Amino acid sequence: MAILSYREAVARALAQEMSRDPKVVLIGEDVAAAGGVFKATAGLLDQFGSSRVLDTPIAEQAIIGAALGAAMNGLRPVAEIMFADFFAVCWDQIANQVAKTRYMTNGQISVPLVIRTANGGGVRFGAQHSQSVENWVMMIPGLKVVAPSTPRDVVGLTAAAIRDPDPVVVLEHKALYAVREEVPEGELVDELGKAVVRREGEDATVLSLGAMVPRSLAAADRLARERGIELTVVDVRSLVPLDVTTLLDSVRATGRLFTVEENPRLCGWGAEILSIVVEEAWDDLKAAPIRITTPHVPLPAADVLEDAALPSVERIVDTVEKHLAS
Amino acid sequence: MLLPTDLGLPSRPAFKGEINGHELALFELMVRLRLFERRAYDLFLQGLVKGTSHLSLGQEAVAAGFARAMEPTDLTFATYRGHAHTLARGVPMSAVMGELMGRATGLMAGKGGSMHLTSVEHGMMGSYAIVGAHLPVAVGAAWAARSRGTKQVVVCFFGDGTTNIGAFHEALSLASVWRVPVVFVCENNLYMEYTAISAVTPVRHPLADRASAYGLSATMVDGNDVAEVFDVARRSLAECREGGGPVLIEALTYRQSGHSRTDPGTYRPKEEVEAWLARDPLACYADYLVSSGFSRAELDEIEAKATAEVDGAVEAARSAPPPEISLVETNLWADGSASWRS
Amino acid sequence: MAILSYREAVARALAQEMSRDPKVVLIGEDVAAAGGVFKATAGLLDQFGSSRVLDTPIAEQAIIGAALGAAMNGLRPVAEIMFADFFAVCWDQIANQVAKTRYMTNGQISVPLVIRTANGGGVRFGAQHSQSVENWVMMIPGLKVVAPSTPRDVVGLTAAAIRDPDPVVVLEHKALYAVREEVPEGELVDELGKAVVRREGEDATVLSLGAMVPRSLAAADRLARERGIELTVVDVRSLVPLDVTTLLDSVRATGRLFTVEENPRLCGWGAEILSIVVEEAWDDLKAAPIRITTPHVPLPAADVLEDAALPSVERIVDTVEKHLAS
Amino acid sequence: MLLPTDLGLPSRPAFKGEINGHELALFELMVRLRLFERRAYDLFLQGLVKGTSHLSLGQEAVAAGFARAMEPTDLTFATYRGHAHTLARGVPMSAVMGELMGRATGLMAGKGGSMHLTSVEHGMMGSYAIVGAHLPVAVGAAWAARSRGTKQVVVCFFGDGTTNIGAFHEALSLASVWRVPVVFVCENNLYMEYTAISAVTPVRHPLADRASAYGLSATMVDGNDVAEVFDVARRSLAECREGGGPVLIEALTYRQSGHSRTDPGTYRPKEEVEAWLARDPLACYADYLVSSGFSRAELDEIEAKATAEVDGAVEAARSAPPPEISLVETNLWADGSASWRS
């Protein structure tokens, strides 16, 4: 076992897959010579050379479009979009081209590509560099979406995304890049569409992903310690495909659901999962499921304001406690 | 108003390009495109083709000249105005007509429609309905071709209006920096939908006047002159195939019909339409062939055969069943399904 | 009263506001000389001249960006994006610039602009010209969103959007442009954020907007006639601000909720409203609320396929019947 | 590696531009920008400025030369690298420092942060953190200026790397077609983040070599020469104000620090850094002023005053309270609220 940071785990996953399959290539701004602005691709240029690790101009439409064209013609590109907020400048390529090509051509063209990006807030970068775009991508038919919350999952999910024959968006969380943990040696590949129960408890189910997982776990610990409330915490990990079975099993067991998400409130992934649960497990619910979200505002930059906007351990604790009491 | 002479074009195409041995094949291809598009238009009026459709009437020389110069393994990227480019790569008329009419026999079984014709088998990598979107995609396909050493060349067609959108700029920059084997062909038909391109573009030649911004040069061709197009296409493809990097071509032509089904095109000055109709790529080429020794009869015979082919395609599409509605939830993913659950 | 088509209603609304306020200007592709590809802006160039009605190049980022800049500097621009699908090519301007400017500048800059677009399916235009983007815009904090279902509402809501001091997206429905009805003469201005109860019934509440309103009403008529089931049909009209009061009042009265939406399924506005209802009216619900949506796929082009994908009168009837029976 | 001489620049700025009467004001402005940025950097290292921040060290002559030439009613649009442009328009240091430190006294009370400095009162219409996004916005502001007859000119600053993104292309096309009063200023500092612009751009001069693609011409200036910048700025603004349409300027300069807080800038060849440090805009200008008769003492005095101003701003920010957390849900809408319910 090696101790890896979340950012090192990205490079490890890419190296693992690039070693295995010469068709895997990496493109993006500053990804080659500089090793990425988050240093998540450090060392790959040296290891795989400039025909497989390519710097691009600042041209996200070209980056995603080029990845799509290359995927159509025999490569398996991994395209980095530096910040998830920049999905907006290449949204046509992501939502209208990459996502729809296979369907529109009735299966003639497969699109085995991966879009990696630094998602989420918490590092005081302000409204245009801190967005959580889980719902942007989940709402587009034709995109698979994963969001690892640990270094180990970065490796397993990124490898799975690269091997998948369809377009997969990997939402790395920029506030987690420095997090470290032991990651098993050797090839590591997960299956897309598997949620993981991080903690079991009988009083309620909490669903979260990305940076909200450690916060949910911390809240669960606190509630257990201070109030004797035992939560199940499920790390959703994959929004599409969605592991409805694991989610529903847990909700059926506890009868109570809280979602914790960084998305601004309206039309977040929490609303979707809540709706699925209501539609499919109505009779098992003991109370209204509750969403804990960022309010429906852009993220402010100042530390105190950003901390107040994002779901915090305190807010999770308070919300769960209040609703379980009533 | 832009008359051909304003653009430095002769009043009729010159047909000076080197086309030895391809004379009748080019004619046949253009006739097939022309007759197909005319019939597609009739079928719209009869309500048999639904939705929208963008015809290449008057622009056939570009599609024909290029397709004839391409190798079977080369790749085409086209726009919503893609019937001609699709047929030119050898896709059967019945499959295209089936798609336009929304039948099970359609090229994509009705899932794509007129604006998204695709036939990977024929190197037709797609018709794109978002202006400019396919230019970066073509760059990527060309990058993969170079990186895998396939010797493929990618040919990417787009309109004059497309040169003002961001994706155009990003694609040309990247193509130039990466020096990939792509031929960008701007079919300058003088209009973006209902607005003259000159009214909303700061340069006269939307592509050619911008080539230097990408460290490239551009060739201008008479897009109604199939001989010139074929000749230039052949040389451009060879240049790209030998590692010559991106090539830019601006083909000056004219859209004889309206922009799409619902557009009568009345915003175009009569004199302009007439001057361009007088240099119809097909009629002028037929005259040229006759003047260089081919007989009207053999041309008529080719036309008759093409008419029969169109008839057959329409008949096949008419009698084909509609797609099964279960198709709605298929082929989103590579496993054939459309499920968002694991 | 004049009989107006939905498309004529657009021009009438614009003319009404442009006559009233010289700061209102209109830009977009083919909007001036050609009167719009849907002929929704016909006559405005003649009436208001080329300094107030301007054709642009095909450059949606420039269109929205220019509208934003002009709104910052004293105009009240109305920008047309021809098809809602093209929001993708200017998504950065819409989601990151227009929506966030006021918040990021802590209120220094107001953005009184309107983005009009032809939204929705049903006209066999295929996957890149038929999308319903209600959820795209609803999920972005800082955008107001309205979606008229009738010619009268086109006038009232568009006028209200133009007078509003904040950015408003007006989702015209392209399948409704030919619909005609009597529209009162004289100035017509609605209030944003008001849902309208189109039909009252005690068995269940159906929420819909745009082209789904006439379908929901037809389904309600059929259910009343054939099954004696009486539905309340609420035309949501405004997604942001959302008239939660009217929606909840109706759901509280009937105890049952169906949403009918054209959005592909995941993270649609239906999920949001369903979540709100569950969170706020849990005790009044007699059964699980149900979403009727387009499946989570891009829209196919062929008529039979498109008809099968979009929520139809039959599907609404069958779904409501099945759930009320159980 | 790009040495100044490779770009045709003298080894030290020439200071030939017409700046009569503005000598000390320009010096003072540059010194203030320099000292502010240095202090901002120190505060990062101390953890008092959070998030990220992009300094203009080495590029002060561009901000100073332009701001000094602008009328108070003119409008500035800048990037995330916007401290200097904001201060140069007259925004008090304490408000900028307060924003960087996330205090209630910040220019936007902490809601924007370093990358979004805006002060409408001073004509500073915003700092934009998405590369290229503000160019179309600037065009719109200029269009409104012309349409309302305000005589304002809009000045829009951006980097070399920005010229490869789609929004750049769309904005320049539209600006040219509409002929609006905007001055586009490309601060070519040779790098886009950590990558040399030459490695990812098909032309040598990212803006100047592309001007003709928009039917425009461009002026190149020594961006380390405040006299030249001021002189050219004054003439460009006058041209625009008189209806001269868009003006393009490429200012050749150098980013002396890393791209942002976390970047030590080690990817830059030592020789390149040294050659550019030798033509530091401030030190060279000070020498020039002394050589043209100003005394070191008066310059030192200006510097001392600026140091005191920075000290005061830091002190004010340090002792200011953090913003009220209730601000999170305010000012999304013009009514001051952030509610999505009616």
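We just call them A, B, C and D in the order they show up, numbering each chain from 1.
One rule holds in what follows: a contact is a pair of C-beta atoms (placed from the backbone, for glycine too) under 8 Å apart; a residue touches a chain by one contact, two chains touch by 3 or more.
Remember, it's a predicted structure, so these values are computed and weren't measured experimentally.
Most remote from chain D, judged by the distance between CA-atom centroids, is B.
C-beta contact counts were set side by side for B-C and A-B; A-B has more. Note: centroid distance chain A to chain C, computed from Cα atoms, is 30 Å. If each chain is reduced to the centroid of its CA atoms, chain B and chain C end up 35 Å from each other. In terms of their C-alpha centroids, the spacing between chain C and chain D amounts to 40 Å.
Shared interface positions of chain B, defined as residues touching 2 or more other chains, are 109, 111-112, 116, 128, 130, 133, 164-167, 169-170, 173, 177, 200-201, 327, 332, 338, 340.
Contacts with at least two other chains are made by residues 56-57, 59-61, 85-86, 88-89, 92, 96, 103-104, 126-128, 141-142, 240, 266, 296-298, 300 of chain C. On the side of chain C, the complex with chain B involves touching residues 29-30, 33-34, 37, 55-61, 85-86, 88-89, 123-129, 265-266, 295-298, 300-305, 308-309.
Of all the residues in chain D, the ones that touch chain A in their complex are 50-52, 102-103, 106, 109-116, 128-133, 161-162, 164-167, 192-195, 199-201, 267, 322-323, 325, 327-329, 332, 338, 340. Those residues of chain A whose C-beta lies close enough to touch chain C in the complex are 85-89, 91-92, 94-96, 99-100, 103-104, 126-128, 135-136, 138-142, 240, 263-264, 266-272, 274-275, 278-279, 282, 287-291, 296-298, 300. Looking at the complex, you find that chain A touches chain B at residues 25, 51, 54, 56-57, 59-75, 77, 92-93, 96-97, 101-110, 112, 141-142, 165-166, 191-194, 238, 240-245. Touching chain D in their complex are the following residues of chain B: 164-170, 173, 176-177, 200-203, 209-210, 212-216.
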